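Take a look at the structures listed below.
Each of the next two complexes has chain A plus one other chain: chain B in the first, chain C in the second.
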Partner chain A sequence: MSLLDRMKRIDRRILFLLMAAGVAIPLLFRPTLTVHPSPIVSRVFDKIESLPEGSKILMSFDYGPSTVPENQPMAEAIARHVLRRRLKLYMVSAWTTGQAQADLLIESVMRTDFTDRVYGEDWVHLGYKAGNQGMINAIFGAMRNLYTTDAAGTNVDAIPMMRDVQSLRDMDLIVDIASGFPGVKEWIQFAGDPGNIPVAGGVTAVEALLLYPYYPRQLLGLMGGLQGAAEYEAALVAKYPEYRDDSKALQIMGPQYVAHLLIVVFILIGNATYFAERRRQKRGRIAGGRS
Partner chain B sequence: MKRQIPLIITFSVGALLVLAMFIPHDPFAAANDELSVWFDIIASFAFILGGGNLLRIHGDKIYRRRRDWPYSIVTLGGFLLMLGAGLWSGAVSRGNAMAPGSLFQALYVAAYAPMMSTMYSLLAFFVASASYRAFRAKTREATVLLLAAFVILVGRTPVGYHLTSWIPQPFEFLEIPNLFGWILAYPNTAGQRAIMIGIALGIISTSLRLILGIERSHLGGD
Partner chain C sequence: MTGVERIELWIGALLTLMVYSFLYRDNPFYKFAEHFFVGITAAYAMVLAFWNTLMPNCFGQIAPSLVGHVLPTAAENPANPVRWIPLLFGLLLLARLVAPLAYLSRWAMALVIGYAAGANFTRYLQSDFMGQVRSSMVPLLVRDAGGIAYGSSLSNLVLVAGLISALAYFFFSKEHTGMFGRASRFGIWTLMVAFGAAFGYTVMARVSLLIGRFQHLGRWLGDIF
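Right after this comes the complex of A and B.
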């Protein structure tokens, strides 16, 4: 059997094994990669950096466990940045699984790095509400109509940082960390655009392509996939080096780096095999025609 | 009457919300706020409907021993376990089922999250296999798609930067991160906008048909 035939008939389990090794080995050795923040990510960082102390940031958790490797690092980086700058963080969710992801973030960020920040004064977790874009529309006009309590059931009137919040219009920035519907698009359509509230997003790599039509007028900036999260972390670490060890996206860029390289190599080999096979068939036809 | 009352409700609410969009002042704005909350309350009932449907369909499948019925036991078992854990944890923690240390949180972190991550991670293997076998430059269009995919794949990691950072400044537009940005900002945006405008026009026409009572399939029957 020629090399061409072998390459053509390669067992897909070998490809699976190569991919598994390509992801596992960098996970074990954790290579450090240099990431440079792109303009679309820097705009989100610069906006949070420019807001005066006490400004209100609403962060929506619209994703679930399946996209945690991409979404959770961005959510954590934003939360760290917001709390570090002493801005007020309001956490909501339009996804059922989002509330749980926000709870996990509270454990890994608020209860670990920001124990001096007070619940209800510096950050609040309002939890999940059903209705998808209907929920956004409802809180756009009157936040308290829907959010009468926080996620733990405490009346919002008893939460100091909720006292001067009537609607989404009171927010200085909306950051949506999302991986589908409802997501950044719905926050732009039902809150950002009608209320002239800046909206920034953090989404999976697949979702990011769909949001470019909104950038830069309706969408302030965007973190797309793990690369976007790593770029935000790079910007955060450059300004606040104490967060170097907390940069999850930067730490797991290695497996993505190798996996993407592998896919490119597979595409190249697959195409080389295809063209070689086509040439062989062409030659065979010419030889057949002569005889 | 069974058909006329829902049609009147659809027309009144639809027309009111369209007016509220263009006249964002009271009484339209107040009506919009109130109706949005009603919508969210109704949306919450979808969970009960969804849960009931799941129980009915899988219960029936198990009862009649239809094809692959043992999987339905797993589905119902998982559903009832999470539902029970959520209700129990919510009752114990006064409404917060995800309270640290609760049974629901433990199940979410130890079972649900790893299972969902595993399912999504399997995509990497399918993409690897597909990239080797299916992604071929068979036609001119496929070649363009392949080249764009190549730039996007490489541009999504620091590989692109490392591969092309040596390119001299007059030709820096050829650096992969710049090509990546160009593809997303121009060809991708143009295509996406065209699709989005088409979808929006479709939604407007469907909504108008519903509001005006031309489209009645949501009322059931013919």
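Right after this comes the complex of A and C.
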């Protein structure tokens, strides 16, 4: 059997095993790679960096456990940046699973690195509300009509940082960490555009391409996939080196690069096999015509 | 690591292995993990919607004193009888379960569809139609303090050429021949580049998720050995 025939008959499970090895081996050796923030990510970082102390940031957790490797590092990096700069963080969720992700973030960021920040004064977790884009539309008009309590059931009137918040228009920036519908697009449509509120996004790589048309006029900036998260972490570490060890996305960019290289090799081999097979068939037809 | 954390680690790892077993072939373990996930997600969504939305925004405002013992903050506010209206329409949706009254659910559906269509129409018109048209109107020759900004000019040229040619490809009222045909062909190339970028991003996303699962499995193996 020729090499070409072997390549054509290769079992897909061998490719799965190669991919598993391509991810597992770099995870063991942890190669460090240098990541530089791109302009679309830097704009989000620069915006948060430029806001005066006490500015209000609304962060929406519109994703679930299935996309944690991509979304959670960007959410944590944004939360660290916001709290480090002493801005006020309002956490909401348009996804049922988002509330639990916000709880995880509170454990890993607020209760670990920012124990001196006070709940209700520096950050608040308002939790999930049903309604998808209808929820965004509702809080755009009157936030307290829908959010009568925080996620723990405390009356919002008893929360100091909620006293001067009537609607989304009171926010200085909306950051949506999302992986589908409702997501960044809906926050642009129902809050950013009608209220002229800056909207930034952090989304899975699958989603990122669909949001580029909104940049830069309707979308302030975007973190796309693990690469976007790593770029934001790189910007954060460059300014605040104490967060180097918390940079989850930067730490797994090595396996990501190796896996990408492997896929490029698969694509090249697949195409080479295809063209070789086509040439063989063409030769076979010419030989058949002569005989 | 606490006992609860260890149980979480084991459940996550075993379910991951069950799901990945599909890569070899379909099997009962994969089926179990799939159904388990769907069931858990549905139940979780239902419970969260009840306690986060229905209780504080509906029942807590209709009868604050009644739900006050399970949601103390609700008792602090006066009753809001207007909330009977959405509750009534919500109940009408359940009329589908009773055949003679099934037609009543159409009223609630009409309200939902009417609201969604109305709200979406204006927002899509502003953000996706007008907003995108406005964003596409860019100067082909960009000037800055140092003269012509070649990078920005090229970027805008690619955007405009790609947009017009892709639109030409989807214009079927004219035969795709001559200059129009060439523009249409360029449109196909533009679309192919976009599909390639989408594929690349999808691969990146899937690999990220794979890395996340491998990290979890690594922690699990580390706990065992």
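By definition in this document, the second predicted complex is superposed on the first by the 291 of 291 C-alpha atoms of A that agree within 3 Å, B and C clash if a C-alpha of one lies under 4 Å from a C-alpha of the other, contacts with A are read in each partner's own complex, and residues count from 1 in each chain.
Convention: a residue touches a chain if its C-beta (ideal position, glycine included) is under 8 Å from a C-beta of that chain, and two chains touch if they have at least 3 such contacts.
As the structure is a prediction and not an experimental result, all values here were calculated from the model.
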Original post:
Looking at the overlay, what does A:Thr148 touch: chain B (first), chain C (second), both, or neither?
Top reply: second
Original post:
Where does A:Gln166 make contact in the superposed view: on chain B (first), on chain C (second), on both, or on neither?
Top reply: neither
Subject >> Which superposed partner A:Gly134 touches (first chain B, second chain C, both, neither) >> reply: both
Original post:
With the two structures laid over each other on chain A, which partner does A:Ala24 touch: chain B (first), chain C (second), both, or neither?
Top reply: second
Original post:
Of the partners chain B and chain C, which touch A:Gln281 in the superposed model: first, second, both, neither?
Top reply: neither
Original post:
After superposition on the shared chain, which partner residues are touched by A:His36: those of chain B (first), chain C (second), both, or neither?
Top reply: first
**OP:** Look at A:Gln189 in the shared chain and tell me whether it touches chain B only, chain C only, both, or neither; answer first, second, both or neither.
**Re:** second
**OP:** For A:Leu261, decide between first (touching chain B), second (touching chain C), both and neither.
**Re:** first
**OP:** State whether A:Thr112 touches chain B only (first), chain C only (second), both chains, or neither.
**Re:** neither
**OP:** Could you tell me which stretches of chain A are touched by chain B in one complex and by chain C in the other?
**Re:** 16, 19-20, 23, 66-69, 99, 129-131, 134, 137, 146, 149, 151, 153, 194, 205, 208-209, 213, 224-227, 256, 259-260, 263
Subject >> chain A residues within the chain C interface of the complex >> reply: 13, 16, 19-20, 23-24, 27, 66-70, 96-97, 99, 127-131, 133-134, 137, 146, 148-149, 151, 153-155, 188-190, 193-194, 204-206, 208-209, 213-214, 217-218, 224-227, 252, 255-256, 259-260, 263
Subject >> Residue ranges of chain B in contact with chain A within the complex >> reply: 24, 29, 32-34, 36-37, 39-40, 43-44, 46-47, 93-96, 98-100, 105, 108-109, 112-114, 116-117, 119-120, 124-125, 127-129, 131-133, 135-138, 146, 149-150, 153-154, 156-159, 161, 177, 181, 184-185, 188-189, 192-193, 196
Subject >> Touching residues on chain C, where the partner in the complex is chain A >> reply: 23-24, 41, 44-45, 48-49, 52-53, 56-57, 60-61, 71-73, 76-77, 115-116, 119-120, 123-124, 126-128, 131-132, 134-135, 194, 197-198, 201-205, 207-212, 214-215, 218
Original post:
Which residues of chain A touch chain B in the complex?
Top reply: 10, 12, 15-16, 18-20, 23, 33-36, 38, 64-69, 99-100, 103-104, 107, 129-132, 134-135, 137-138, 141-142, 145-146, 149, 151-153, 194, 205, 208-210, 212-213, 224-227, 253, 256-257, 259-264, 266-267, 269-271, 274-275
